[in-house]
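Notes to accompany the following structure.
Labels run A, B, C, D, E and F following the written order; every chain starts at residue 1.
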């Protein structure tokens, strides 16, 4: 019996949040139960992801495939829990639990009544399920469907906020994201028409044989794919929806959007770029230069825009634009170190940005102040919240022994290996910018006069969330080996190095 | 506003031109030996009845071979229903349970 | 709108639309159409009913609470059908591999789980569409 | 080994305790602070003496996928000695200067934390650990820079942190390249990059120099230093004249002698330009200093100039030059701290911060001004003071490296130094006594005066008997040549 | 060796779908009315569906339901995929309509420019 | 490659498609635009029927009607006389 359960792990990790999400709307009267169910789901997801990781380490990184319905690969959908997938599953699980804890008893103010809250939770779990699906998917059209689930639930999360501007942000997000998924679907269509396969491995094999007869098809497919996922993952010139959406969403929504949803799209993009086009075609069509250029532009522009924001959540949202730039930059290096760094940075940014958003949300709801300049003395009044914020800021800036540093270190290694010194300079400049837009918040919080108001740390569950997240940031800063090994193996898989 | 529209139009026209170049390279429409009609399609066509017991191959693909996709398809619709309610339900309506 | 003739006409046509919708759902696996199209057709009959007779009357027939239940458990139904495969020692969403009797091809009961899944999907598509319609009609009062 | 760990930990533990003590409890806090400083001092001396005696201390951790090593060598031990000694003295001075001021809790916490981190910089056994402590030093001294919380302080702090982090970025790039080239970055008797060839090494060296040069205030990268003078005087004296800037200087010496090594350095084109960059900084820095009217600013620019003396000595790549650099490191730190302490006493007692209005101050504060005079003479390089010896060796090093103009630079700079300081001292004793102004700050003069005079005395002592430190200097030089 | 235009003519369904795709995109990007944007999205998505379906079609082929024809059955896979696609597009439409209604409730208009103007005006206050 | 009758039918219908989609740019009245979209959708369904995919044709017809109905509902609801801007789109 034991073995059968472990063989089904890759599918359980996807369907568990979905199944629980289905029944949540009917439980709207019993909100307590809903909250506890969500937390339980996250705990179980974490256990399952960890079990998958252990399994993967036991077999030295050889992937765990799972054929849906038992149909073999080119006919049915085969999902694969490979290094990349398990890495992202772990990230989802580690970030998801604190976010679920944070929401406990804390949505009334931002979301509203019971039925809305229950549906908010359902959307949250559906998003989690879709992201888990993205982690293990190995099928082009499956990617599209998952992306749609994620997009719709993410828009739903944004629109759940009571603020009228949330609806506008959600609408803009929805329109642009749908445009993006139209492009993605078009691209999948081109690939399907030329290769006749939807399974990534088979499509790649076929594409390697036919691409010379139809270079423009590859061109258009790649540019559609990049633009489509670029819109969804907020690659720099296409990020216009992100600041509104991520700053207007309810706090847990912002955290999960910035921390995980964007990463899910990036993982899909990575899979398609490397598993379908492959590094040969990427180099031939200079996609890696496009990625690098987009990354550099995103880091610089995102940081500068973030510097100019006074609203805390907007500043964090622009910071996400900049940090996505790092990840994209790493995708463009096309070498193992750069990719591993990029993947580790993705994990670390997921942790850090969700911490930042959650603590920012807690601060905003405790103080009622949304502007950076108004937050004088918060550090003294809300030590735990601000402590977590500080840890996350240091991590984002890339101070050694915080998780961001490890990612940056490997990104730098990758950039030097690919001979891209401009990228290295931008990575480092990005850290300085990051300090420039985050440290003033800390300075205001700790070194300004404390106002007499009665601001307090939030409740137990929220504190637990902060402690968990900051512990994770420090843990992966000090002992990155498990994640880093996964990332390195995933990078090797993507580059077909054996 | 106007300049933006012109910019958009130019970009779209350029992309359109690229797309037309691409279309010319696609396998010819309606031919029976397109890459699409490969072993994948052949199995769906030849073995669907035996594999799934239904004569409608589209249904066989939707609900059996690629049932995983279809599960997510229903989830998309479910998500939309949730999201619509979340977006439109008034925030303050305690005790109301739909 | 509240025309007598319209109401009578709709009352007659609706029954046919409704039945046709279920026909499409149930015969999805042996003839063109399918659970999704059928579900929409079923829902359209209710939508027409609610449009003509007023949303309140529509809600009397199909209360929102019921719709939520159908939606939730209809979607869950799909997943449970998938779990049947796992319970029988086959992969998720397995049909033939799980040892389900596929029946006589061409009949309503053929196709093993496909018919069951299709029926669930059809019902819940219909209910979702009606929910969407209700909410759009009077969601924010 | 235990000495090293205790030396590093005492500051951290002290900082934590200080942070936990209620803000009102001054007496307990003072006790804790001095206990921590004293234990840091004792254990650092023991560590340093062990190192000079030839013991190999080494601690290795495998964190974050990298190796972090603590292994003080004679150069590090020298820095440890300077830092821990001056820290205690500055702590004593702080007790007088800061008494009754606001935010003492955060002041002392970060003061102690910075102590540990500086010792960490000194003891770092590879580039990665050095980078960690270097970065942490920036963060832990930032609160001290903005201690006043005024708009000016905040601006200076922002400038400080942006400059330092940019430098750290360049440093990180350099370290990553070094790692990629050699696979390790441990400081051993064999230089890290020994045996490497290629034009890129020039750029690597430039990155290193830019990284550490920010803290060492090499001329185009110096702008944060004069602004950081808004900090309280003990901080300016200790951190921005000695500890923080020495971490940059120390880093550059490390890079030159342990990462590249004299042999490799002498083959690099960029290395040949370095003495001239240092000379430029020496001359321009002191010239700007002469034009400053605010005493602390004058001292700040003077710091910039003097730091490059040390760098110049290191860049000559000669044993004599390095001896001069080491001697100057010791001598200059003693004198500059004295000068700052005097400036602090003058500012606290008379409320005067501008040089041109200091006429007659000498009669009101005779002991302070005497110490100031001694230190000024030292800055010029007059014989009875320790800097004479260091300049002597620096010049010999410059000549030995084949560039006699370097000696000329040093002599010119000495003359400008004289123009810079002697008139101040003379002016201070000219004119009527202004009488002592008692500002209601509650600061205690005697607690400030004792360390000041003590340091001036030590400078004189070393000047009269340089053999006191010569063994240590020789140990450092021998470890590299 | 067929010319470019001949190839285009052979692949005319793709050409149609490409043109429709761009018309849809243009509607999304240039129309400020939210309903128009939504219609644009639908046009764009149906264009993509058309492309897929054309990819699966065989001229003179048979409907992919078992019958006793001799004609080759067409590829059922694109049809199956597009069923999913249609559901997605209808979901998006419904949700977007809900958002439009909410925006109308808040701002009293369904014009994107107008909404932006009202919001910025509201922020200045 | 020889075209057969079906091809010409599809081409003719696709002209309607393009006309309808271009018309969406210019039609001011939203109700009219939605009706045009309904026509577009039905034409599309016919084309798909001609392309041997009756399943999709049925679904698209149903979905098109559903979309049209939902949009109609929404448009009527955004036309409630509020602030007197009844005729504004």
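Heads up, the rule we're going with is that contacts are C-beta pairs under 8 Å (C-beta built on N, C-alpha and C of every residue); 3 or more make two chains touch, one makes a residue touch a chain.
Note that this is a predicted model, so its numbers are computed, not measured.
Trainee: Need the graph distance between subunit D and subunit F over the touch network, please.
Mentor: The fewest touching-chain steps linking subunit D to subunit F number 3.
Trainee: Following contacts chain by chain, what is the lowest number of steps it takes to reach subunit E starting at subunit A?
Mentor: Contact-graph shortest path, subunit A to subunit E, evaluates to 1.
Trainee: From the C-alpha centres, identify the chain that is farthest from subunit F.
Mentor: D
Trainee: Go through A-B and C-E and name the pair with more C-beta contacts between its chains.
Mentor: Comparing A-B with C-E, the pair joined by more C-beta contacts is A-B.
Trainee: By C-alpha centroids, what is the most central chain here?
Mentor: Centre-most chain by C-alpha means: A.
Trainee: Could you give the separation in Å between the centres of subunit B and subunit F, each centre being the mean of its C-alpha atoms?
Mentor: 18
Trainee: With centres defined as the mean C-alpha position, give me the subunit C-subunit D separation in Å.
Mentor: Taking the average C-alpha coordinate of subunit C and of subunit D, the gap between them is 79 Å.
Trainee: Taking the mean of the CA coordinates per chain, how far is subunit A from subunit F in Å?
Mentor: Inter-chain centre distance comes to 37 Å.
Trainee: In angstrom, rounded to a whole number, how far apart do the mean CA points of subunit B and subunit D lie?
Mentor: Measuring from centre to centre gives 67 Å for this pair.
Trainee: Listing for subunit F: what residues touch at least two other chains?
Mentor: Touching at least two other chains: 1, 7, 53-56, 59, 63, 66, 70, 73-74, 77.
Trainee: Hey, what residues on subunit E touch two or more of the other chains?
Mentor: In subunit E, 10, 12-13, 19, 21, 24-26, 30, 38, 54-59, 61, 63-66, 77-79, 81, 83-84, 86-88, 90-92, 94-95, 97-102 touch at least two other chains.
Trainee: Can you list every residue of subunit B that touches 2 or more other chains, as numbers and ranges?
Mentor: 19, 24-26, 28, 30-31, 34, 36-37, 40-41, 44, 49, 55-56, 58-60, 62, 64-70, 72-81, 83-85, 87-90, 97-98
Trainee: Using the touch rule from the top, collect the residues of subunit C that touch subunit F in their complex.
Mentor: 24, 32-34, 36-37, 40-41, 43-44, 47, 129, 132-133, 136-137
Trainee: Which stretch or stretches of subunit C touch subunit B in the complex?
Mentor: 28-32, 34-35, 64-65, 68, 71-72, 75, 78-79, 82, 92-93, 95-96, 102-103, 105-106, 110-112, 114, 117-118, 121, 124-125, 128, 131-132, 135-136, 139-141
Trainee: Per the contact definition, I'd like the list of subunit A residues that touch subunit C in the complex.
Mentor: 4, 8, 11, 15, 18-19, 22-26, 66-70
Trainee: Quick one: which bits of subunit B touch subunit C in the complex? Just the residue numbers, please.
Mentor: Counting only subunit B, the residues touching subunit C are 49, 51-56, 58-60, 62-64, 67-68, 70-71, 74-75, 77-78, 80-81, 84-85, 87-90, 97-98.
Trainee: If you look only at subunit E, which of its residues touch subunit F in the complex?
Mentor: 10, 12-13, 16, 19-20, 23-24, 26-27, 30-31, 33, 35-36, 38-40, 42-43, 46, 49-50, 53-54, 56-64, 74, 78-79, 82-83, 86-87, 89-90, 93-94, 97, 100-101, 104, 108-111
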